[in-house]
Each structure stands twice: as C-alpha cells, then as structure tokens.
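Got some structures for you, see below.
Below, chain A partners chain B and then partners chain C, in two separate complexes.
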Partner chain A sequence: MTDTALASAPSADPARKGRMIVYVVALLIGLALAFAPFLFQDVRSNQVAARICVFIVLAASYDLLIGYTGIVSFAHTMFFGLGAYGAAIALKSMGPGWDAVLAGGVAGVVLAAILAVLIGVLSLRVKAIFFAMVTLAAASVMMVLASQFSDFTGGEDGIVYSAPALFKPAMKLMTDDAGKVVKLFGVSMNGKIAAYYFVFLTCLVLFLALMRIVRSPLGTVLEAIRENEMRAEAIGYRVVAYRTSVFVIAAVIAALAGTVWAVWLKYTGPDTTFSFAIMIDILLMVVIGGMGTMVGAVIGVVLMSLAQFYLKDLMEAAAQATANIPLLPDLLDPDRWLLWLGLLFILLVYFFPAGIAGTLMKKGGH
Partner chain B sequence: MSKPAHIAAMFDRIGGVNALPVVLMIIALPLIGSFSSWVTLTVAGLAMGMMIFLMASGLSLVFGLMDVLNFGHSAFISFGAFIAASVLAWLAAWVGADSLTLNFLALFAALGAATLFGLAAGWFFERVIIKPVYSDHLRQILITIGALIVSEQIILAVWGGSPIPVPRPALLEGSFVIGDVAIEVYRVFAFFLGLAVFIALTLVLNRTRIGLLIRAGVEDREMVEALGFRIDRLFIAVFMTGSALAAMGGAMWAGYQGLISGALGGEMMILVFIVVIIGGLGSIEGSLLGALLVGLLGNYVAFIFPKLALASNMILMMAILLWRPWGLRPAVGK
Partner chain C sequence: MNAPSIETRNLTIRFGGHVAVNGVSCAFHPGELTVIVGPNGAGKTTYFSLMSGQLTPSEGTILKGGTEITRLSPSARAKTGIGRAFQLTNLFPKLSVLENVRLAVQARHGIGPRLFRPASAFTEIADKAYEHLKATRLDDVAHLPAAALPHGDQRKLEVALLLAMEPDVFMFDEPTAGMSVDEAPVILELIDEIRKDASKTVLLVEHKMDVVRALANRIIVLHNGELVADGPPDEVIAMPIVREIYLGIPADEGAAA
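This part shows the complex of A and B:
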C-alpha cells in the first residue's frame, strides 16, 4: 500500500511519508498482537504480548495527559494500581467469577475517579509543575498505604487469586467429537487463548476510545489549552474544568487497564502495579514513542518491552567482554540497563523532543 | 465582628502561620500523654525537620529564582549520604578514636566531602542538564527525571544494592539525660546545624547585596536582568549552594539513620516535595516552616498511629492546599 501511494505521488512531502510509515508500523504491531498466540507459541511471548497490550493503553492514556494536555502526572500507576487491586481484592474475597471482576473493577474505577477529581480540583488550578509534585506525593503515599494495610492488600507479597473459569487452562473452548480440545494452527483452543483475547480486545476498545477522544472537539480544545492556556481561557474555555476532566478520563482508563492486567496476571502486588519503576517505564515509553501522537505510545511500548529483553542480553555480553577493567563491568551489568536507557532518554529529550513518531510525522512536540 | 474573622485576627496576633509548629506541639502533648515521650518526639521532630529543611531550601530557592524545578534534586541527597558514609568508613580509626579532635575532624571531613561534591555536581548539573531547557517546564521535568534515573543507577553501580552501615563519630553518640528525659546528642547537633544554616541563609539573603539581587530576581527576574545584572551567574551560584545543602542534608540524614540504601533519595524526595509545597515555592522561611511541620507531625503520628506516618504528611499537604493553594509563605504573591 505504501508503495502505490508513494509511486502515485512522488512529490509527497516528507511529513506525509513519515505519517505513512508510522501508521503502517502501528498497524503491523496491531496485527502482530492480534495473532500473537498463533505467531509466537510459547508462554513467555504470550506474557510479553499481553503486557504490551495493557501498557499500550496505559501509555496512550498517559499521552492524553502529557502529550495532548501538557500536564505531567506521576500518579498514573496509582490509578492503574487502584483498578488492579479492586479486581484482585474482589476476586480473592468473592471467589473467581465475572461478578467479582465487575464489582472490583467498578469499585477501583470509581475510587480512581474520585481521587482524580480531588487531586485535580486541589492542584490543577496552580502551575503544572506544582501538579507534578502533588501527584508524585499522592502516588507514593498510596504505595505506602498498599504495603501497610496488608490484611487487605497482602502487603509487599501482594494477592494471588484465580481468574474466572473461562480463562482456566483446563477450559475447553472447542472440542472435537472425542471431547478433546481442538487445535487450530497448532494452538489449543483453551482458556489461555480466551484470556489473551479478553486482554487484547478490551485493550483495543480502550485504545480506540482514546483515539476517538483526541480526534473529538474535546481533543482540539485540549491542544489549544496546551499551546496557549491564556488564549484558551480568553476564548471562553474553562481551562481548569477541561484539565480536571481529562485527568479523570485518563485515570479511569488507567484503572480499567489495571483491572484487565489483574485478571490476566492472577496476581497483584506493589511491584506489578504501584511501583515507581512502572511510572518511569510509562514516561519513557510515551516520550520515546512521541508525545501527543497516540500511535507513538504503541511504538514506544513495543520498543521499550523489546529493549528490556534484548538490551539486557547485549549488556551481559559487554560486561563479560570488559570483565578485567574496573568499574566498567559494573556499569554494563544487565541490572544497570536503566542507566543507559536514562542517558538515551536525556539525549532524546534534547535532540528529538517529539519522539520517534512525532519526528517522523513532523508533528512538533513542544 | 463575625466569628471566623475573630478567629483569624487572633491567629494573626499569635504569629500567623509561623505559630503552626508550636500549635502542633501543644495539641500533641495531651494526645501523647507522657511528658518525657513528648519531649523525645519533639526533639526528634525538630531535628528531622531541620535536616529536611537543609534538603528542601535549595530546591525552593532554585524554583523561586529561575522557575526551574529539579526533579533530580534527590540525587544530591543520595550522593551526599553515600559519600559521607564512605568517608566515615574510610576514617574509621578517627571515628572510633577517643579524641574529640579526631572525632570532629572525621565528622568535618564527611560533611565537607558531601558538601563539596554537592557544589561540583550542582555546577555540572546546571550547566549540562538544565541550562538547555530553561523556560520549558515539560522538558525540564523530563530531563531532570532522566538525570535522576541515571544518578540512581550510578549509585547502585558504585555502592551496590544492599544497605550500607554508617559509622557515627563517638562525639555524637549517646544522649544526655535531664530528669527522666533522654535527648540524643545527634538530634541536638542536627537541629543546631540546620538552625545555623537557616540563620546564615537569612543573613545572606537579607543583609548582603547578592541576597538583595536574589530576592529581587525571585520577585521579578526580567526586571533585574533589564537593570543589567547577570542573573544567570547568580542562578548558578544559588543552584550550587542548593545542591551542596541537599548533599549536606543527605549526609546528616545518613548519620541519623545509621543504615542507608539506594531507596533513600526517593523517600526523602517525597518529604522534600511535601515540605516545599506546604511552605510555598521560593521562600526559605516557608521551607523551614514546612520542614518543621512535616518533621513534628511525622514523629507524633508515628507514635500515636504508626501506620499513618507518611499518609499524615499527605493529609497535611492536602489540608494546607485547600486553605492556601500557594503554600503557607510563598515568596511571591499570586
């Protein structure tokens, strides 16, 4: 498709070509995720694919804040965690069932929305930088609360529970005449597949909803506020109301992603939801992918997830090669991969603040 | 006179927001019950508050002067703590010696090394990391977060992930007893060091020409620049001082804790942010006020409701934001 488009319009401007590349890449990623269980048939790849799906939603909803509205929040994992813990606590206490997922998910989402309104009304009135500090403080307090009220949340150990029966590996989705599980293209049609497609489809719906939001008049107003707050206010848009509502929308979507993640993982703990490391991951994903583009989130998440696996291998090899030099092996230790990613991140913010997708699409960051 | 106005007038007469720490102390006394525990907790709270003040003052001034918020500020705190720990471990013979002079020298070396590092790192940080992104808040936050990640990883690479014990000079060990109240020497030392720094900062800001320029810059940077002063040079000096104070605060905190790990910076950063938000960005007095409130409240609540220690500071922050969205004593009016 790209070839014909380029051939018919040889003088197409580079921005259009870039946009083409970005959308084709995003589409390919989407297709790969849609058929992931058939394309990569091992447990680990399945896990990675589901994680990518959930994090695309998480990163895209964060992009709605940072890229489209220009507010920096460090409380995104807090909302993610609320959704996850809601589902986890309900699944643990009510037993595995859809009623538990629904009740827990709704509880988590409502709590996230209330907190978002509170934080937004309290601190979005003042400077953006102030807001960043308040959210950081709120998120860390939530993290401490989650680990201290261990009767309820399982503390540092987290909660282990079962998913609804449909997602159990023993579940047979399709059986042949002998009552055995049917295999399609070598993949057994069991509960694992159902669980993956539950994750994939919910995430797809949430992502499309986000795309819809930024294309709507609301999205345009948000960009206007980001570009010139005073002027937006002067035209008659109530900036605080818009900012607060977009913060609530992002929080609700993050909480929903958290619920999906909890159902898939069958485990919820501080490290998989609340941790500051995840917040940093999301931030890196959005900035590397390209702020204010939505598809950038898709590219950023995939790149980061792959880097987490392959950069470590590369560093392992480098550390062994330099084992005789002092300090260098320590710096090249696979556990230090964030060091190099951090450096890369700084350089990226200096030289390509628009990120990969933004640079290709010639869509200015800030 | 209506009742709220009456209360407000009374509040202003007893010292306004400045009296809040005292009010907090008085409220805490009946809740705690025992007088000796109250004294111990109050001293601990004041000492902790002063150490947090050391860490927070620089951040607040830098923001006030240049509208730059350094999310990597906690890196200076961590580096200060780890460098002090290393110096003290290296001078173990002096630290454990029975001579006051050697004790003092070891302490001086540790605090000095941390502070010097803070100065140098502050210079590097300002020139390399922050200068290119002046006046762009979003990229500022992103870049300083990136620098924070890198610094934390460097600390992990150099000092390892397991907690490190911090030897304390014999001079500052133990406590003295008045009646049935025991007061730790280290806490008293931390309190007076913080107080000395506060007095020095206040004097410099209020009595010298440089201080005048800094205050003028906080108030209206462009006007000071228009009058022909090189505010960027002033700013780098303030930035270096702030980083050095943060490193000193980190070093003091390391000695206070006795055992430090890589998570130290992140934990302190939250408190520092809460303090700066409560106090109002850009003012030294606000930072001191916020730090004392946070230190005292943290210690009292940890005694009365242990589980709510950190949440209490959050609730305090929320309450103060509701009451005064710009903090208790912001440097510049709305």
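This part shows the complex of A and C:
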C-alpha cells in the first residue's frame, strides 16, 4: 500500500483508477459468490456459482505458472483430475464419508505433487517449448490410463457416487420446533447449502493463499524469473528449484480444487476433469482476465462461465425478440453461440491486449 | 602478495571452430583493480561469462578462494561472492527499479522463515535496496518500471544490482558505455570506493584511456582470446604490442612516437 502512496506522479492516476475498478469488480464477484444461494435460487445458477468458485482456483493457480513464472504447462487439468479421481474412487469404494474424502483427496494431492516434482526436475531445465510438450504428453498418458483402468475409474463413463451425509439434500442443518427444515430468505437450510459453502470457503482459502504467495517476496522472484531468467540466476536464485517448487505448488492447489469439485458434483469423469477442452478453457480464462494479475482469473472465469452457460439463453431470447426482422434471427440462432463466443474473444483481445485486469491496471510500476 | 580471490588456469572456450578464450591463466587479488583491455571481439565479455558461470569452459579450471568452481551454476557462484554487471543491460524490465534492486538484496540476505508475508513488509530489505539506489542516484525513479528508464539510468541500475549483491569479486563490463558525461563520474566514483576496500577484488573492462589510467592498479590485455600482456598500467600501456593491437598503431610507428 505504501507503494501506491509513493507513486504519486500524475501519470500513475489512470492506472490507479483502473486498479480500483478491477478490485471493486472482483470484490462484487466475491460478494455475489458468497451469497449466491440466496441471490440465485435455482439449481442451475447454484451449479454455475460452484463451478465458478472451483475454476477461479484452477485458473488462478494456472496464472501462478503461466502469468507469474512464465511456465507453459498443459498438465494443469491432469493435476485437477488426480485430485478429483482420488476423492471419487475413495468415495465409491469406502462409501460416502469424510474419511473417504480425506483419504482420496490426500492420495490425489500426493500423487499430483510427486508427478509435478518428477516432471519439474526432469524437464524444467530445458526450453519452454519442450517443457510444454512434456506436460502435453503426460496429460495424454493420464487420459489414456483413466480410460484403460475402467475398473477403477469407470472409463469414459466416469464414476457416480454419494457425497458425505452433510451434503445430502435431505440433511437438515436447522430445524424448527416441528422438526421441519428452516428457511432463511426463502432458502432451505439443507445439505445443498452446506455443500455450496464447503465449495465456496475452501476455494476462498485456496485463492487467498495464492494471493499471499504472489504478494510475498517469493512472488517477486517468480516474476523476475519470468522477466529475465538468466539475470535471476546471476544474482543468486536457483531458477530450476524455484520453477519446480512453483510447479508443485500449482499442481497441489489444482488437485485440491479437483477434490472439492468431485465432492460437489458427485460424479467424476474425463469430461469434467482431464479433458483438453477444460485445459483450453482455463488458458482462455487466464488470458482474458489478464496474465500475471491473479484477480484477472476471477474476472476471466466469471466472464467465460457466464458466456458458456447463458449466451445460448440470451441468444434464444434475442432471436425471438427479432423474429420479424430478416436475417437477424438466423444470426442469433442459439446454435450459432460458438460463433458469437469467438467474436466476443476477438473483441476482448483487441480492446484488452493484456487481458481485462492486466490492461486496466497497466501492469508495471506496482 | 596475498592469496588470489579468483583465478583461472588454462581457461579455454571454443564456439565451433572459433576459440573465444584461449588458455588464459591469471589470478586476481583482493585490494586490486584490474582493467581488462582488448579490441572488439577479443573475448573480454566471454572471459567474464566463464568466471560468473553463464558459460562453461571447454578446458581449464576456475578457482574462487582456492576452491574449484568450474562446474558450479551461476547462482551457486553468486553465493560464493562473485558478482557481475553486464555489458548489455540485463534487467527485469517490467519490475520497478526498487524491485529490481530488492531482488538482489533478497538473494544476498535471504528473507528468513517469514516467507509468505507481503513483500512490502520486509522493510530492512527495502531500506538496503534504497541505499544502493541512493548511491547510484536512482532513488527518484525507484517506482518506475526498469524498462521506462533512459539508457544511462538503466546502466546505473545494472551497477546498483551488482552493488546489492555485495560480492567480494566485482566484474564491471564497460559500465559507463553510452552514459552522458555527467552520469559517468557517479559510477566511476563508486568503483573507486570499492577499489579502496582492501577485501574487494575488482575486474573492469574499459576502453577509455583516462578512466583506465585513473583507476587501474594493473592492466591485462586480451587479443584473439589470448592473454598477451599483464602488468602495471604504465608498463602495459607502453608495450609496443599493446599499442599495435589495442591502439591500432603499428609497432614501429609507436616506437617512433
């Protein structure tokens, strides 16, 4: 904060204003997520809110790699999937208890950490492009393994299981005198609420941990490595050790997010965890939000998720509203939503070359 | 004389067929400022890179305080007290001037166990960084990104990073090249300060003869990667071979003059 106070040159003002806007938007998103079950009371909105929470952690941990340290990895969903499958397999085989979540989650996280150390030590010395290839290969092998060992993983169909009793819709968190579940602001205090706040709070803690890392002296070292690896080494930083550590930290956080995701969804399959489509989504979220900003992940995830979930609805409505006008309804046909999404990306990248948060905050003198 | 702080023995590096540094054996001592001269492409920068670890020699060994360091990584060599400022400015462009220097201070002093406190809470590190910024007259621009500085200030920041490493072997590679006449003296005075410290060893690549005369305790001459002269400034400058290859004056003419 003293930094902002000292940078009192007039030229710093637009950047400060931009930073204000970004933090206010991020805060509003945080508040919306904190009260999501009360603000948006339908099942689909709840699902979207939980997904946003998990993906904020996933994208933010990816930003730690690509945005802060300059490591390009395609294995982030692999680590996410390890955390998810760990919990899923344990919940399926041990039954729906916290012991299963813990055992499965820990197993997934440890496996993710070990793999990250191996990949890191073996290949973070080499050129960035080669490292990206290694992560791509590892992620592909993991997908093949997941579909081959279908006895464990359910193959392409994935695994369906139950969550701990606390999260069952029938669970009554609060009851009135008659033993009926209490409603607060029209929302039943049942297991669904508990499940949402489990997701929200774990993700909040993980996100704050990531913020803490990038604000710490370690965060500056990571940026230094991204900016000029050779000089970072020359002034005494063991670049490979730092890179490996940050790769492991990001992998562990992704795996934890995976465990939370598996507990929430009560289903784990390749499409919800390992898929390259998700990997591309995360990449786009970070790029749209602004690489190397952390809060950018929040904005990117929200924007992408809303587009993915609601653009079709919006277009449906728009097509109906314009039904009498020639051509427009055709263009606005919900089947063309990907076209519009693509257009939206192009416009965003054009107007916000450093991502939304990155461009607004004019990263540099911070 | 006291024991050498850094020494190279038969140091050689080949790039394909080209021998950039060829069998250079030389020892540098604490309290001594050695100027390295030689025409463009003589191998001066390459010799520095071999000592600071960015390049690995094809042959020969490097010793720091009597211990062999030939195969150590650059970061490990920095930890042994070897510091280097680069000829081509080599900074962290998007980070602020203060952050640039703070990184070097942090690498030298560590941040202790309180790893995840906000960077701004480490006031001792920031204070030390400010000292180096004041010494190089950069404290006014501390919060600008390094990339936004004019060339002269970037050269100063290059030197500030080296000071912040607090090494015992300082390597300066043409530190004042491209600086204006009022900027260069700041840096030269700083180098003169370090020279007066009997525990520090200074290696300086410099072309300007007035600077060389003012600062050097000793001059070595590199030519086509080979060490061709080594001695006190007056003697070396007077050598016909030096006048010929370095000043471009044919030996007979030099003798005549």
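We take it that the second predicted complex is superposed on the first by the 307 of 366 C-alpha atoms of A that agree within 3 Å, B and C clash if a C-alpha of one lies under 4 Å from a C-alpha of the other, contacts with A are read in each partner's own complex, and residues count from 1 in each chain.
Operating definition for what follows: a residue touches a chain if its C-beta (ideal position, glycine included) is under 8 Å from a C-beta of that chain, and two chains touch if they have at least 3 such contacts.
Given the structure is predicted, the values throughout are model-derived calculations rather than measurements.
Chain A is touched at more residues by one of its partners, and among chain B and chain C that partner is B. In the superposition on chain A, contact of A:L111 is made with neither chain B nor chain C. Touch criterion met: A:L283 reaches chain B, while chain C stays clear of it. Touch criterion met: A:V144 reaches chain B, while chain C stays clear of it. In the overlay built on the shared chain, the residue A:L303 is in contact with neither chain B nor chain C. Of the two partner chains placed by the overlay, neither chain B nor chain C lies in contact with A:L39.
Of the two partner chains placed by the overlay, only chain B lies in contact with A:D330; chain C stays clear of it.
Judged by the document's definition of touching, chain A residues 366 lie at the interface with chain B and also at the interface with chain C.
For chain A in complex with chain C, the touching residues are 1-3, 6-7, 9, 212-213, 215-221, 223-224, 227-228, 230-239, 363-366.
Residues of chain B touching chain A in their complex: 63, 69, 71, 129, 132-133, 136-143, 145-147, 149-150, 153-154, 156-158, 266, 269-270, 273-274, 276-277, 281, 307, 310-311, 313-314, 317-318, 321-322, 325-326.
Chain contact summary for the complex, chain C toward chain A: residues 52-54, 73-76, 78-79, 84, 86, 90-96, 99, 102-104, 106-108, 111, 115-120, 122, 125, 142-145, 147-148, 161, 164-165. Put simply, chain A touches chain B in their complex at residues 66, 70, 72, 118, 122-123, 125-130, 132-134, 136-138, 140-141, 144-145, 148-149, 276, 280, 283, 287, 327, 330-331, 333, 335-336, 338-339, 341-343, 345-346, 349-350, 353, 366.
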